[in-house]
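Both of the next two complexes hold chain A, though its partner changes from chain B to chain C.
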Partner chain A sequence: MPVSEIIDPASIVLDLPASNKAEVLDFLAELLYGNGVVSSKEIFKADVLLRESEGKTGIGGGVAIPHGKSEAVLRTCITVARLKDPVQWESVDGEPVALVILFAVRRDDKNDYFVKLMSQVARMLARERFCEALLAAESERELLDLFMENEERK
Partner chain B sequence: MRIVGITACIAGIAHTYIAKEKLVNAAQEMGHWIKIETQGTIGVEDRLSSEEISEADVVVIATDIGITGRDRFEGKRVVEIPISVVMKSPKALVKKIEESYLKRLSESA
Partner chain C sequence: MKNIVFTIKNEEGLHARPATDFCETAISFASAVTVHKEGESEIFDAKSLLSILCLGAVKGDTIRISAEGDDEEQALEALRSALEKT
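Let's turn to the complex of A and B:
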């Protein structure tokens, strides 16, 4: 399935004011709960933080891809938050993060589905120009369009 | 220059594929032939053939964990680096590999 179809348009946020990683994840968990994507904000957040503890999700260039495979997730989706100001985040280049692409994945999803989805997004994010465009997008719609324009079509 | 290599990361989910893409983009931009095998959670993809390996000038292994099939590279010039190096500065890495390759070429000439 194309990446853009997994992105929940209702869960794209621009210029989110947050002063640290915990606030970002808290806000997104709340948003996903409100949108009916997760059944429990707390369980989902705990699963995301568990993954955070296993290794850096900051991939460099101001972008992070936290993810939670969780029993609290009702439907697999990707949510995107661009922050008003970059926050500290464990990243490969040690730089703060301004764009958070959070994966909420159903626990029952097959691992290879999740990994394929993740690797599709990873390939897009490996292109600097794509990241720069995401960081410069002026509306939620424009951000979603960028994913649609840049994804691989099969 | 012909480059083959492997990317693999601890979780085997994201970094493996981002590193591959960055390495391929950087190498192609600089005019090199490159093929990268990924060893992720879902197994090996784009497996390197023995021809590709034997024709390669250099092997790049970018990983934070062990990889499988290392014996395939016996006798080859192998550059092994943490995956974060590829994530951070792929172009600088390819340039460095290129320089040492050219140096070897001129030494053997």
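Let's turn to the complex of A and C:
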């Protein structure tokens, strides 16, 4: 399935004011709960934090891709938050993070599906110009359009 | 240049902790290390986490890891153990 169909347009946030990673994840879990993507904010957040403890999700260049495979997730989706100011995050280049792409994944989804979805997003993010455009987008719509324009069509 | 092939056995595929361990192991050696799926032409840098995620190796995929440099043999051995641990 194309990445752009999995991004929840209602869960794209620009210039989120947050001073640390916990605030970012808390805000996004609340947003996903409000949008009916997760059935429990707390369970979902705990599963995201569990994953965070397993390895770095900051992929460098100010971008992080946290994810939670969780029984609380009702439909698999991707949410995007651009932060007002970068926050500390465990990242491969040690730099703070300004763009958070959070994957909410249903527990029943096959592992294959998730790894392939992640691979599609990673391939987009590997293009520096795509990341720069995401960081510069002026509206939620523009950000969503960037994902639609840049996904691989097979 | 030396290389090894490895079939992914881990249910989760090469992401999260296995991907991080793999990448950090590669970084700890001086040799240049690349990885690709057998039968596919796209080659990825094993020292970049994003690149490993792009590879998107799932359970059952056979990957070929290539290393080139003074410590190429040690690097491949360490990468094999990192994958076997997961």
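Keep this in mind: the second predicted complex is superposed on the first by the 154 of 154 C-alpha atoms of A that agree within 3 Å, B and C clash if a C-alpha of one lies under 4 Å from a C-alpha of the other, contacts with A are read in each partner's own complex, and residues count from 1 in each chain.
Here is the rule we go by: a contact is a pair of C-beta atoms (placed from the backbone, for glycine too) under 8 Å apart; a residue touches a chain by one contact, two chains touch by 3 or more.
Computed from a predicted model, the values in this text were never measured in an experiment.
When both complexes are superposed on chain A, chain B and chain C end up clashing with one another. Of the two partner chains placed by superposition, chain B and chain C are both touched by A:Gly60.
Once chain A of one complex is fitted onto chain A of the other, the partner contacts of A:Ser19 are absent, as it touches neither chain B nor chain C. Applying the stated contact rule after C-alpha superposition, one finds that A:Val92 touches each of chain B and chain C. In the superposition on chain A, A:Ala126 makes contact with both chain B and chain C. Legend: residue contacts after superposition of the two complexes on their common chain; A:Met118 is shown touching both chain B and chain C. In the superposition on chain A, the residues of chain A contacted by chain B and by chain C overlap at 51, 54-55, 59-60, 65, 92, 111-112, 114-116, 118-119, 122-123, 125-126. Listing the residues of chain C that touch chain A in their complex gives 11-17, 19-21, 23, 48-51, 53-59. If you check the complex, the residues on chain A that touch chain B are 51, 54-55, 57, 59-60, 65, 67, 92-93, 111-112, 114-116, 118-119, 121-123, 125-127.
Every residue of chain B that touches chain A in the complex is listed here, in rising order: 9-22, 25, 38, 40-42, 84, 87-88.
By the touch rule above, chain A contacts chain C in their complex via residues 51, 54-56, 59-60, 65, 92, 111-112, 114-116, 118-120, 122-123, 125-126.
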